[in-house]
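Listed below are the structures to be examined.
Common to both upcoming complexes is subunit A, partnered first by subunit B, then by subunit C.
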Partner chain A sequence: MAMRNLWRTFKNSAWLGWQMESNWADPYLFAIYSIVKPIAGTLILVFMYIFLSYAGGGGPTNPSLFGYMYLGNALFMYVAQVLFGVTWVIHDDREHYQTLKYIYISPANFYVYILGRSVSKIAVTTIGVIVTIIFGVTALGIQMPLSNISWPLMLLGMSIGLACIIAFGLALAGVSFLTARHAGGMNEGIAGIFYLFCGAIFPITVLPSWSWPLASVLPITYWLYVMRVAFFGLGSGVASYDAMLAGYDIMQGLLILTVSTLIFIALSFVIFRFGDYMARKKGLIDMTTGY
Partner chain B sequence: MTTITSLDYKRPSWIRMNVQAVFGRSLPRVIGAYREPSWIFFETVLPILGIAAYVYIYKAMGAPDYYMGYVIIGGAMTAYWLNVLWSMAAQFYWEKEMGNLELYMMAPISRMSILGGMALGGMFATTVRAVSTIIIGLVIFNVTFVIVDHILLVLVFAFTIFALYGMGMMFASLYMLWGREAWHTSNLLTEPIYLVSGFYFPVKYFGFFMAAAASFIPITLGLDGMRQTLFANVNTGFLPVWMELVVLIVLSLVFIVLAKYMLAYMEKLGKREGRLTMRWQ
Partner chain C sequence: MTSYAVETRELCRTFTSKEKRGEPKKVVNALENANLTVKPGELFGVLGPNGAGKTTLIKILSTLLLPTKGEAFVHGHSVKTESHKIRYHINMVCGGESSGYGLLTVRENLWMFSQFYGIPSKLAKGRIDELLGVMNLQDKGDAKVRTLSTGMRQKMNMVRGFMTDPAIIFLDEPTLGLDVTTSRQIRLFVKEWVKAETDRTVLLTTHYMMEADELCDRIAIIDKGTVLACDTPENLKRRVKRESVLRIEVTGMGDAKPVSGIKGIHAFNAITDPAKGVTTISLILDEESAISDILSAITKGGGRIQAMQKTDPTLEDVFITLVGRGLENDNDNQP
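So, the complex of A and B:
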């Protein structure tokens, strides 16, 4: 019975999230919207690479770096979008629609409700990621033959990685209970930590050596590594481009990713519960901050 | 008992009312900044992380040092673009959702004073973010600015801001009527504008026509002009700085005049269609 209730909450909140995400526009316009933003974000890096290569007089010369950067950036959309989406649910429901208090007094499990709301973000982001990868392969000449892709590894890595990203999102949602609406920079900043330290668009070894230990404890580092191996193959120039990670075999990468994800899931649950408790104690559940 | 009649009430001048409106609308933002000091951390330390990633990608590509300076300047200016998008243009949508928009409409003041107040109130936090980005960037990445012409730099920056906030006021007129489209439009105008305006690379590389088209967004020429005045002997400018300044002055005037007419038109349209008080569309 309890499981059925949880499933119902999850299903309905996922449907609600999808409606909120998509029904403001007709499907055609929504599809364009879902594609333009991620492609533009990726093109910034593409143009940085191309312009710099031609400014140097020679043209693009480092396809391994380009592939490394392109795939990392495409996959990073999950981190940016899901982190932001999960966290924004708190501010949106609390201040915009002012429904947070009603969800609290309903029999729905709030934790599961947030999980359900994140599903729509994942769905929209997945469209963006797929389009970006196809664009990279067809228009920019990234060498990623379908026959070389390890589909089981990709699906496994993606499942663990998404669990990890959602866990981070839930932890931030816990913090959002206590922050004002204008603290949106928090999501941007936390995503920035991952973008900078996890080897999303450049090898970790480019960073100062003091930051390497930090990179090595963040699960996103290993998620991106596993995904690069899944897409390009273990011995490929892209997967082995980062000297710091090249020493790991795929089982080690997966193991570290799984263990660190489990730790972060536990941690996020504690942070979420703490934020929830403090918000109720301080009377912040229906706070509005219309500055 | 004294009775107050309308004759006793001396109506303040139009200018005074609007100046008061500007300060009145900016005050909640200032108070909000004091009440929620967490923004200092979120708006100063955290944004530099994302910007640093772009610096390191240039390092990974072996780019000359001034490219890192370009990223720092572009990263600092994102603060103003985001402020215009979210805290000014989209704010009218938010005010409508909160039920404040009708109160603004009832007040005998210009809508531009309200928007000016939002800009002024948000300017402090935005400038803190921009300046801290530049300072942290200078310290961490050892970027060196060689200012070619101080006055030109100040003028280019000032007119970029005027034109940008004028554009924001123009956008606000649309956001007054829109529902959730407003939110999504703001979202959509982030990365694509970073791309076409050359936040992280010189816009000149796009070629003349593409760069000229992007110049309708004031931050394009503003960034290009500032980079030209901050980095001597680097030939990556799109147009001569004086020419960019002239265009920015023209854009400032055009956007502010257009904003006035568009706000009046959209308000009229909103009243006729009954959309000014529609919430949760």
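So, the complex of A and C:
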């Protein structure tokens, strides 16, 4: 019974999230938007890479670096979009739709509700990631033969990585209960930390050595590593481009990713519950500030 | 465990504002030692002006807010420690807001909320159609919520609150800002809903006396966080003797306050309608002999008496007696 209720909440909040993601435009416009947006975002990075390569002389001659940053950037969409999407649920439902309090006082499990709302973000982002990768392979010549992709590793890594990202999102959602003004800046700031320190577009070893311990405790670092191995193969130029991670074999990478993800899931649950309790104590569940 | 639908014991809630530059922290007592009991099947009203603590009380009872001190039980469960158990038995509708997902249709919105309560989809759809009909909103069922007027949204929210068939429903100023017809429709529906089954309980907050008087089995009068009285409307009104309630309509009187100082007046309230230039003075007298002094004070103040009558006491008179000022001094006009 309890499981059925949780499933029902999850399913309906996922449905609501999808309606809100896709229902603002007609289906054709939404399809065009879903394709154009990620490509346009990626092209910024591509042009930066090309410009810097030519500025350094010789043009873009490092396919390993290009593959490294291209895939890292594509996958990072999950981090940015899911973190933003999950935390924004609190702000949007509370301030814009003024429905948060009605969902909160219902028997639905609010943690599961937020979880369900993140599913639509993941679905929309997945479309963006696939479009970006296909564009990279077909239009930009990234060498990623389908036969080289380790599908089981990719699916496993993706599942653990998404669980980790959602856990971060839920922790931030807990904090969002307590703030209105800083909800947007907070998730962008956290995503920015991951972008900088986790080797999303450049190897961690490029950064000052004091930042390496930070990179080594963040699960996103290992997620990106596992995904690069899954897409390009262990020992490939892309997968071994980062000297800090090149020493890990794939089982070590997966193990660290799994353990750190479990720790962050537990942590996010605690933070969410604490944020929920404090919001109820301070009377912030139905706060409307106009931000 | 308690047999009441709602019970509060010495319930307190304070809000502390943040310290700003040069300004110390402010502590506001929104509720002070509130003791209330609501029986199952009762339509219970909480009457008070804006800022009296009515919404704070509803927020605590609906598990949105924790009390600072004291205890509250809803359907026998503590709001502090058993909020998850309470949520199966309650729902809430707040007036004066335009909640709802604008991108969804009215039916989609309502159906989605029904699913959070675990109502089977077919049953939920049936209830939604039935209640949309009761609220005269059936032709808007497939309209996007963003296209609805404020009144229609409020009706949709009434459907959202009642479609789950809660044991206890909290209505926080449900007719606030609505036109007369819609308000009447909603009042009629609430009255019929609570009577339809014996164990349905309504806790309604309002600052409209007529609403409280018309609907409620019992009323708690609340001001500045304190429950001043709690009884049936009839018993509350009996506290004020019929002979002692006097209403005088005056024109041309700038300030009616000098009247309030006359010996023999228990409570005084004056409301001026600027459009008509008429001041209505409500008086509760300790001694009838004060009437001649009152009339002469009005005349001296340049006022011309248009009408004067002794009336049956209203809840407003009860409130004036208890608080020393009228509800209308703080609030909007009644719908």
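The rule we apply is simple: the second predicted complex is superposed on the first by the 284 of 291 C-alpha atoms of A that agree within 3 Å, B and C clash if a C-alpha of one lies under 4 Å from a C-alpha of the other, contacts with A are read in each partner's own complex, and residues count from 1 in each chain.
Here is the rule we go by: a residue touches a chain if its C-beta (ideal position, glycine included) is under 8 Å from a C-beta of that chain, and two chains touch if they have at least 3 such contacts.
These numbers come from a predicted model, not from an experiment.
A.B. asks: Could you tell me if A:106 is touching subunit B, subunit C, both of them or neither one (first, second, both, neither)?
C.D. replies: second
A.B. asks: Figure out whether A:159 sits in contact with subunit B (first) or subunit C (second), or with both, or with neither.
C.D. replies: A:159 contacts neither subunit B nor subunit C.
A.B. asks: Would you sort A:211 into first (subunit B), second (subunit C), both or neither based on which partner it touches?
C.D. replies: So A:211 meets neither subunit B nor subunit C here.
A.B. asks: Touch test for A:24: subunit B only (first), subunit C only (second), both, or neither?
C.D. replies: both
A.B. asks: Going by the contact rule stated at the top, is it subunit B or subunit C that touches a larger number of residues on subunit A?
C.D. replies: The partner that reaches more residues of subunit A in the superposed model: B.
A.B. asks: For A:189, select first, second, both or neither according to whether it touches subunit B, subunit C, the two together, or no partner.
C.D. replies: Once the two structures are laid over each other on A, A:189 reaches subunit B alone.
A.B. asks: Determine, under the contact definition given at the top, whether A:97 touches first (subunit B), second (subunit C), both, or neither.
C.D. replies: It touches subunit B and subunit C both.
A.B. asks: Which partner does A:281 reach: the first (subunit B), the second (subunit C), both, or neither?
C.D. replies: Only subunit C; A:281 stays clear of subunit B.
A.B. asks: Take the contacts of subunit A with subunit B and those with subunit C, and give the residues found in both.
C.D. replies: Common interface on subunit A, subunit B vs subunit C: 20, 24, 97.
A.B. asks: Quick check on the complex: what are the subunit A residues that touch subunit B?
C.D. replies: Going by the criterion above, the answer is residues 20, 24-25, 33, 36-38, 40-41, 43-45, 47-49, 51-55, 62, 65, 69, 96-97, 179-180, 182-186, 188-193, 195-196, 200-203, 206-207, 288-291.
A.B. asks: List the residues on subunit C that touch subunit A in their complex, please.
C.D. replies: Contact set of subunit C toward subunit A: 15, 59, 62-66, 84, 87-88, 90-92, 94, 97-104, 108, 112-113, 115-118, 160.
A.B. asks: Can you name the residues of subunit A that touch subunit C in the complex?
C.D. replies: Per the touch definition, subunit A meets subunit C at residues 4-5, 8-9, 11-12, 15-16, 19-20, 23-24, 97-99, 101-108, 113, 280-281, 283, 285-286.
A.B. asks: Which of the residues in subunit B come into contact with subunit A in the complex?
C.D. replies: So the residues of subunit B touching subunit A come out as 28-29, 31-33, 35-36, 38-39, 42-43, 45-54, 56-61, 63, 67, 86-87, 94-95, 97-98, 100, 121, 179-181, 184, 187-188, 190-192, 194-195, 199-202, 205, 280-281.
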